[in-house]
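First the structure, which I've put down as structure tokens, then a few questions once you've had a look.
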Amino acid sequence: MRGLLLRLAGSLPALVAVIIVTFVLTRVLPGDTATYFAGPTASAESIAQIRAELGLDRPLPEQFWSYVQALVHGDLGMSLTTGQPVLTDILARLPASAELTLCGLLIGMAIAIPLGIIAAVRQGSLADHACRVIVTAGVSLPVFFTGLLLVYVFYFLLGWSPAPLGRLDAFASPPPAVTGFYLIDAALIGDWETWRGAAAQLILPAVTLGLFALAPIARITRASMLAVLGAEFIRTARASGLSSRTLILTYALRNALLPVVTTLGMVFSFLLGANVLVEKVFAWPGIGSYAVEALIASDGAPVQGFVLTMAILYILLNLAIDLVNRALDPRARHT
Amino acid sequence: MSAATPAAAASQSVLDVTDFSVEFRTRAGIVRALDRVAFSVGRGETMALVGESGSGKSVTAYALLGLLDAAGRITGGSARLEGTELTSASPAALSAIRGKRAAMIFQNPRAALNPIRNVGKQIGDVLRRHAGLGARAAAAEAIEMLRAVGIPDPARRAGAYPFELSGGMCQRVMIAIAVATRPALLIADEPTTGLDVTTQAVVMDIMGRLAAETGMATILITHDLALAAERSGRIAVMHAGHIVEDAPTKTLLLYPRHPYTRRLLAATPTAAGNLADLRSIPGNLPDLRRDDLPPCRFAARCDRRLPACEAPMQWRELEPHHRVACWNPA
Amino acid sequence: MSDTALGHARHVVTENPVTGFALALFILFVLAAIFGPSLVPYDPLASDTANALQAPSGQHWFGTDQIGRDIFSRVVVATRLDLGIAAASVALVFAFGGFAGLVSGFFGGWVDQVIGRVSDTIMAFPLFVLAMAIVAALGNTVPNIVLATGIINFPLYVRVARAETVQRREAGFVDAARIAGHRDMGVLLGQVAPNIMPIMVVQMSLTMGYAILNAAGLSFIGLGVRAPTPEWGIMVAEGASFIVSGEWWVALFPGAMLMTAVFCFNLLGDGLRDIVDPRRRT
């Protein structure tokens, strides 16, 4: 329990760093926030007025203090494009991004982990070679390009998937929001038609992200499984005549998964970035496309809110990875 | 060494190995790691297999239990455990024998245990596999085994992970895993390396006591002559994949006949010697990848070499239970 | 020494034809970057609305885009910009990240602490998101793309250079140089830096691919390079709207080019690593 609190406290420096960097990026560096807010046609006078309104004429420490205070109150500013508070916008769009990213990760893991295991257990086999090719090719794939290729093949050529335009068909209405995850919400009320519709929209972008996450996961799974299979305790287990099922699943795999779980931190870093690109390709109404729209409109507050949200999300994910690691590895619980 | 009568009494023997040969295919050529190895171990007997590192002691153990990696294979001979031929047994049959009739413990016990599974479960896994126990019964029996190897407060320790236990405790757990199913044969591969002296003695005492209680035969693989002298009834000396001499411990220590054995003993003047500082034996183990290995693999290092040593090697039984593979024994 | 290294390199290329293939591709890309603009059949910016959205043909090998520009010419001409951005950002982070890692590993202490904190701060962000934030804050220009791509690679370079430096410092030959009376900076730049150079070059090759992907990703979402400049990321973005109506070539060729370039650098990096550091072969 104490270790857990320590770990939570350990996330604080990252949080502080993230807040400072976001502040510096938006308030201190050359890009002029007031000009952003005033819009391209504003006069020097109205810019000065906005500057005063935003407190940009005050000393930096004071600005930082009010920035932090606003953050504590959940005030991320207003979006000029939507006319809504940024926090409201982001909270409304976050579930879409989360559902997509998590499905992508699950698809990636569902393919990569068995592939990595088979490649390690049957070294030199077809699966092993396939694993090598996929690992090298996978890290070379521009994720937005993979997405477009999938759209071309499965929407235009085969007609198997719906048009890449958001989370649901334009004429369907979303299920009542409980979690914000359409698949879960639709399942909760037993609306399987909506569920199928949402799944059909989700599958291509999620597979795109999955293909992207696959390479690093498969690589680390193969490497760590190989290392574990050569470990002395596996020799002991074999010398004890344990069945190959117990040997591979209970002894080797559980140990091999520890580095995989740790690597997920890096995978999430890539995945959250790739998510922005995939959302743009599939017109997915998540926070990534929200940020892209704001970027194009030179709308500063949403971009800043997005960066902050992503960074905090990433810190929380790393925390979650740590907790999973503690649950799996008794040694981690004792540090 | 053509097939020779093993020294131990056949009726009592648990393991009979004859003409047992193993090769490894490597990129640099075929390594003839074991060549016509022969020995027997009887019920309740402790035989020490001694030799320098690389002499083939561990390979013998691994090959017997079917634990060689893909590059290694048994090229000939026979190994019978309680009458069951091991060399021709299927992988499934071997896996059913391992941990049930023949068990093995290793050096570096902490690394030899699964780091993220508590020790009670690791003992229980063997019981569930070989004794057909259910989860609950296996857990209870695991605690009994921990008690049997002298671990205090076994019920609590069953929930401990290897990193929470000392090296000596881990080795006791290893022994508990190995003997949980009352095997007929226990192979201990350098079981005390890395443990401090008192712990070494305790671990060896536990193994000796369990062997005496259950009639288990023990093969003690070690490079430590002093340990072998103290803990075994018989010693087989290995050199470069051959067993060169095999005799009751006292006989071997007092009247060594093979030039290599004599060198070994000379290199360790007191009984507390250790083969690790065996620099004084001139030359190295021969390159076992050569195609033209001499019949006696010690010949190049030997000062009693005769022209006759070029002839194929044969066992000579100098007196009952004392054999030597040498044309010119001392 | 260079003789044996060359011999070893030749051995690696013959033993591992994939590395040889990557090397050939690499040379092709470099040639395209240098001579591409003077060799291509069409002006990459010249529109020809009468011939818009033509499928690939003998006339337009990769077809034409929505305003009739020749996609082949655009894809080839874009090589210089895409590789240039990536190479500049890698050179930048090689200089700063490499030096920071050297100093960090060599002196330890508070220098190491500060550089470590900077790295940690960068790593606290999802890297692509941080790059977006930097470009958005500093302004939407090519130099800022270079800078952002360099910054997100900074922690990696620091880590590699630092680890190698610590290893060499512990190996003792730094102490020897110091006892011989060399000053710290002299030892650092004269003795340590050349020694970690091979590993850093491998690192550069391995990160080139990632840098290309990152820069193209930024321009795909509208940051950095702007239309009508030929650049692979933008071209894919422009072609995206035609994918759903079946004009696949507009996005496919720039995307494939991008992918091939990244693939080439990744293979080359793996091959170089085998030459420089055979231990880390996987």
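Lettered A, B and C in written order, each chain numbered from 1.
The working rule: contacts are C-beta pairs under 8 Å (C-beta built on N, C-alpha and C of every residue); 3 or more make two chains touch, one makes a residue touch a chain.
Please read these numbers as outputs of a predicted model, since none were measured by experiment.
Enquirer: Counting C-beta pairs in contact, which two chains come out on top?
Expert: After counting contacts between each pair of chains, the winner is A-C.
Enquirer: Measuring between Cα centroids, which chain is at the maximum distance from chain A?
Expert: That would be chain B.
Enquirer: Between chain A and chain C, what is the gap in Å from one C-alpha centre to the other?
Expert: So the centre of chain A lies 24 Å away from the centre of chain C.
Enquirer: From the C-alpha centre of chain B to that of chain C, how far is it in Å?
Expert: Going by mean C-alpha positions, chain B sits 56 Å from chain C.
Enquirer: Using CA atom averages as chain centres, what separation in Å is found between chain A and chain B?
Expert: Centres of chain A and chain B (C-alpha means) sit 54 Å apart.
Enquirer: Touching at least two other chains at once: which residues of chain B meet that condition?
Expert: None at all.
Enquirer: Spell out the part of chain A that touches chain B in their complex, as residue ranges.
Expert: Interface residues on chain A, with respect to chain B: 231-233, 235-244, 246, 250-251, 254-255, 258, 328-331, 334.
Enquirer: Over in the complex, which chain A residues touch chain C? Could you list them?
Expert: 13-14, 17-18, 20-22, 25-26, 29-31, 136-137, 139-145, 148-149, 151-152, 155-156, 163-164, 223, 268-274, 276-277, 280-281, 291-292, 295-296, 300, 303-304, 306-307, 310-311, 314-315
Enquirer: Help me check something: in the complex, which residues belonging to chain C touch chain A?
Expert: Contact set of chain C toward chain A: 117, 120-121, 123-134, 136-139, 209, 213, 216-217, 220-223, 233, 236-237, 239-240, 243-246, 248, 251-252, 255-256, 258-259, 262-263, 266-267, 270, 282.
Enquirer: Flag every residue of chain B that touches chain A in the complex, lowest number first.
Expert: Residues 65, 67, 94-100, 103-104, 106, 108, 111-118, 125-126, 129-130, 161, 163-164, 174, 177-178.
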